[in-house]
Amino acid sequence: MIKVGIVGGTGYTGVELIRLLSRHPQAQVTMLTSRSEAGRRVDDMFPSLRGVTDLTFSDLDEKKLAACDVVFFATPHGVAMKHARFLTENGTKVIDLAADFRLQSLQDFEAWYKLEHACPDILKDAVYGLPEVNRDAIAKAKVIGNPGCYPTTAILGLKPLIDAQNSQQQALIEPWIIIDAKSGVSGAGRQAKMNLLFSETSDSFSAYGVAGHRHAPEITQGIDQILGQSKRFQPHDIRFVPHLVPMIRGMFTTIHVRLTAAGQALDLQSLYETSYQNEYFVDVMPKGMYPDTRSVRGSNYLRIAVQTLENSPMATILVVQDNLVKGAAGQAVQNMNVMFGLAEQTGLALVAVVP
Amino acid sequence: MIKVGIVGGTGYTGVELIRLLSRHPQAQVTMLTSRSEAGRRVDDMFPSLRGVTDLTFSDLDEKKLAACDVVFFATPHGVAMKHARFLTENGTKVIDLAADFRLQSLQDFEAWYKLEHACPDILKDAVYGLPEVNRDAIAKAKVIGNPGCYPTTAILGLKPLIDAQNSQQQALIEPWIIIDAKSGVSGAGRQAKMNLLFSETSDSFSAYGVAGHRHAPEITQGIDQILGQSKRFQPHDIRFVPHLVPMIRGMFTTIHVRLTAAGQALDLQSLYETSYQNEYFVDVMPKGMYPDTRSVRGSNYLRIAVQTLENSPMATILVVQDNLVKGAAGQAVQNMNVMFGLAEQTGLALVAVVP
Amino acid sequence: MIKVGIVGGTGYTGVELIRLLSRHPQAQVTMLTSRSEAGRRVDDMFPSLRGVTDLTFSDLDEKKLAACDVVFFATPHGVAMKHARFLTENGTKVIDLAADFRLQSLQDFEAWYKLEHACPDILKDAVYGLPEVNRDAIAKAKVIGNPGCYPTTAILGLKPLIDAQNSQQQALIEPWIIIDAKSGVSGAGRQAKMNLLFSETSDSFSAYGVAGHRHAPEITQGIDQILGQSKRFQPHDIRFVPHLVPMIRGMFTTIHVRLTAAGQALDLQSLYETSYQNEYFVDVMPKGMYPDTRSVRGSNYLRIAVQTLENSPMATILVVQDNLVKGAAGQAVQNMNVMFGLAEQTGLALVAVVP
Amino acid sequence: MIKVGIVGGTGYTGVELIRLLSRHPQAQVTMLTSRSEAGRRVDDMFPSLRGVTDLTFSDLDEKKLAACDVVFFATPHGVAMKHARFLTENGTKVIDLAADFRLQSLQDFEAWYKLEHACPDILKDAVYGLPEVNRDAIAKAKVIGNPGCYPTTAILGLKPLIDAQNSQQQALIEPWIIIDAKSGVSGAGRQAKMNLLFSETSDSFSAYGVAGHRHAPEITQGIDQILGQSKRFQPHDIRFVPHLVPMIRGMFTTIHVRLTAAGQALDLQSLYETSYQNEYFVDVMPKGMYPDTRSVRGSNYLRIAVQTLENSPMATILVVQDNLVKGAAGQAVQNMNVMFGLAEQTGLALVAVVP
């Protein structure tokens, strides 16, 4: 059994980690920390966990944490980077669900998160935890930056096209990509903020981060990584606009691209199906079917549909996931499975809750 | 492996059975029938099942069904009773999620469901599938009438009090019980009806069945069964009023009772905790905690809280469940587990999806 | 034009007052105060008011407020009572939407609200602002305690029965009344509390105040007032349990009573229709029709249905209103209309927003 | 008083017309028809109208309809065109809320609606009822094609930019426009369809019409009309993808454009503010504020925000409206006001219902 620690189990990604790991056949949560709730049973705070776990929150004690095989940080940005050195030096792997180890550019990190990075050397060796892109590196990593929810959909939604650009050594899409994304409210976390109240967000729809959002540089970095040595997109070539949907979970990302003549000659449906045929968690919908977010509610699947139009250079890529599972805690467990050599779906064979 | 057939897999209880059974370690769905959808893959209809099952709907063929060990009927009222004889004569057990085998009184059945019963003799031997009440009989049963969602909450909410009446041989509550129940919209099934449209039910709350509801006689029967030879309640002593909540899943039943002097002398909290201490799926909340429906969303748990008031004869019992799981498909699988000698929670150790 | 001041326009009852009064043909909001938002335009905070009003929040200045003909307090409990003396001494009428002038019993007020009352003498002359009960007193009042949302439904739901008891001089209902009430989330106000987050309350249903709620003594007082010299109910005879519904607006109150033999002889439908035939805002549904909350969304109507059962002493009274309109701001404007001799529906002829 | 007839008052646009017109000071609904509901009071079907109107549905009788000054068709596509000749020949104006008089191209109409047009000559003289674009023509029109909900947002969202292109006689945006639109469920109408059930659409998000949607040619036509003699966009240059939001009312349209060098030199904020400064119902949000759909819920306002980015050619235009008001019935009443020489906001000075 893998001994697991969770730092910060009072937020939505924390409770989701507990939900998933409590039924994981080869992992056991042995430590759960929270400064504010130390001494309290987690099922007192989340009655949905009654009968599921006996865990009690404790104070964060680095030495005790280092007895775990792996520690998940379900904390605000800036916490994991303070503990990564001690833990990794003691042989404990780190999976950070916040942003401390996502952006390789210190300048971007500091500009977007208004934090000085505590361990740039560790960051340099950290791996961006998107298994469908970086599986081999994840398997060997000591520190994982678990991807943001939006970047997961954007990067996996574009990957087959960009891989094809690389292998064909020519541009298939014009360098103007629109990522119009929509997220359920749980994506904003468990924070007592006025704008997240039921009476404020229910029966309404809005945009946010319209002037710029932290996930934009992460998306650009992810695309650049796949692009590799070939022509880079400029940051402004990717326009990312997130929206808030009156639903709890679920993320729907609509990607609009303009195909070049070479791109129009492609069979995108077949390209996507082939590209993901061996991925357990990525499902390419059959031609003419489009995903809805509920089809992944509570599960670790990410579904994609592609649509081209006759006599038009435009293509639309639709991507859905549960923002708390494949977009956060599920992906983190998937990373853990890869890191410990388990089958990737271990403990993650969840069927979406529909209706 | 238990070979399972499902008749009528296109409704919400049907798809929920598939969700549960697809991950059941000792059962396998080998047949799934639907008149209207024969030949269609179930994951074409419910994309949430893509990657989970390869099942295809077939026409209902009694002989083929009889090759199953057990057949679940997730059909409208009146279907299971037409096939129960053939199946049971061929050694196949029947679990009906509709009402054909719930009411022992033919008169009540015909009055409330406007159907003549096709097999009164089989009905007589059928067992009301509420394991916490009838576990032993279920273990031996050939035909199970899986309880209605509301009766499950009402009967389990009142059972400890009535058992105590029996053991103390005196009345603990006055014979006027108010069952004010609230259900998510999925309880009405997957039917294209105007009043179930999103634009009709969202952001609104209503009552229905105010002049009488089919689950009233079922609740009365369940209470009477527990009451046994002691004083029976008259049907009009139980007032059941259901309401529709703008949520998909979840049932919340508020039971108002008036305690007798003997009843007021009881420690209800302790009575309930003791009563259910060995039940895996029934959770009595600690004093001062009250359940919400999301705490059981997607899981087979039923949670109960009891509240008495100082200087008052009144007591309030709050019961929640997921109407599609403990209120329907989960309870059906629980019954199957009992019938086949499996641990009751086999395949049902689901953690509620929160948030 | 009536000059209107609003103290505390940043909450939901405040913004609702502005919505209603901005279109009132005989009133004009001339002052709007908020400590925290002084200097800010109200439509900067509530963009729904852009193009509707030019009002800017100012600090509370008693002297300036006293230039108004009437001041509404849409503030927390305990604010209005501090200003009532100054305002009324200067000829300004006061309508408090909080609880300062609801409970005539100082003991009850202090027990339930944990506040010492600042002006018991003014409280003594204050009028409980339920026009359908106290119209004449309201017309002459200087200070109005605008009713709580739940008590409005409970008192108007029971009034015809209790009036009939009085006129028949015999009990028509047994002294055990169950008030099982359900409210939309806006009833909890605009407060940044964790339990009011979308992700906490959406797609879920819960009870609260199960061990006791501030509106219980207010309901009892209201019923007692109608009962007058006849037999009083004891506080514990009324059991009030509120619930939280995942909708923004709307309140649905299910009242369960047990009729005496004399009560069973009554034609309740006719009693209710007659009782409210001259009330503009109270609508008794035809026999067999039941109200839903959306039918009053955004309007000042309160709808009632009554249901009796054959061979049963039980009766059910269903009451709906928009908690922010008839349950708060609309009723306050209705009170203002009565106080200033206007037709009661002036500025309140709003049609519910359906769907 | 303008005598108004409504054909087809059983759908959502019909009941919304009644809501608006019942409080219109210079119009009176004198006739309301429905084949299926003839003889039934409308408030029996929509209890929200109890106390508001005494209207009863009648059969459609052209002669009686012709006694009206104006007839609204809140019917399926293809109904209005059958009655337009008789009505206009008898001096009755026609406002069709369906698509019969929207598309000037017969070929487009027949291709997208699969109907042969009944009166191409009348269509030729019909006016597209978007007052902010066609006010003068509407004032003189006999037949109005009331715009689709999506085209209203798309055309008004782009108009200032295109007007500026015309006046500057140079391209300001590249000819690739992405219209990523999101609508509440009421936009699909009041139809008993499975995919519109609460349990299917709540807590989920989806796209539809991904391969093509009827509003695309209408948007293109609207843009072309404004473009006039200048360079036309090709149909494929506008990519329109609609999505379904789990809310009742509200439409949010995100328009992504790429500015030319000349476009980047513009101050878009100022351009939009100036462009709409005299429009009662179009509100340009201040720089840095973004609209949410609830800010227009139940009202006839349409709000717009524009966002440019430093060092980027991209611009984003956000547009919200209530799809049933400015997107349908409210705009129809606005058209009526223009046609009959009334102030445009007559009967439409509704304040959005928030929260």
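Note that the chains are named A, B, C and D in the order they appear, and that numbering of residues resets to 1 at the start of each chain.
Convention: a residue touches a chain if its C-beta (ideal position, glycine included) is under 8 Å from a C-beta of that chain, and two chains touch if they have at least 3 such contacts.
The structure presented is a predicted model; accordingly, all values stated were derived computationally and were not measured.
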item	value
Interface with more contacting C-beta pairs, comparing A-B to A-D	A-D
Chain whose average C-alpha position is farthest from chain A's own	C
Euclidean distance of C-alpha centroids - chain A vs chain D, Å	38
Separation of chain A from chain C, taking each centre as the mean of its C-alpha atoms, in whole Å	47
Rounded Å distance, chain A centre to chain B centre (Cα mean)	37
Overlap residues in chain D, where contacts from two or more other chains coincide	12, 184, 186, 190, 199-200, 202-203, 246-249, 291-292, 294, 297, 355
Chain A - residues contacting chain C, complex	12, 184-186, 190-194, 196-203, 246-248
Residue numbers on chain A that touch chain D, as the complex places them	176, 178, 180, 182, 184, 199-200, 202-208, 210-212, 236, 239, 241, 243, 245-250, 252, 254, 256, 258, 288, 290-294, 297, 305, 307, 309, 311-314, 316, 318, 320, 355
Chain D contact footprint on chain C (complex, rising order)	12, 15, 19, 22-23, 46-52, 186, 190, 202-203, 248-249, 280, 283, 285, 289, 291-292, 294-299, 301, 303, 324, 349, 351-355
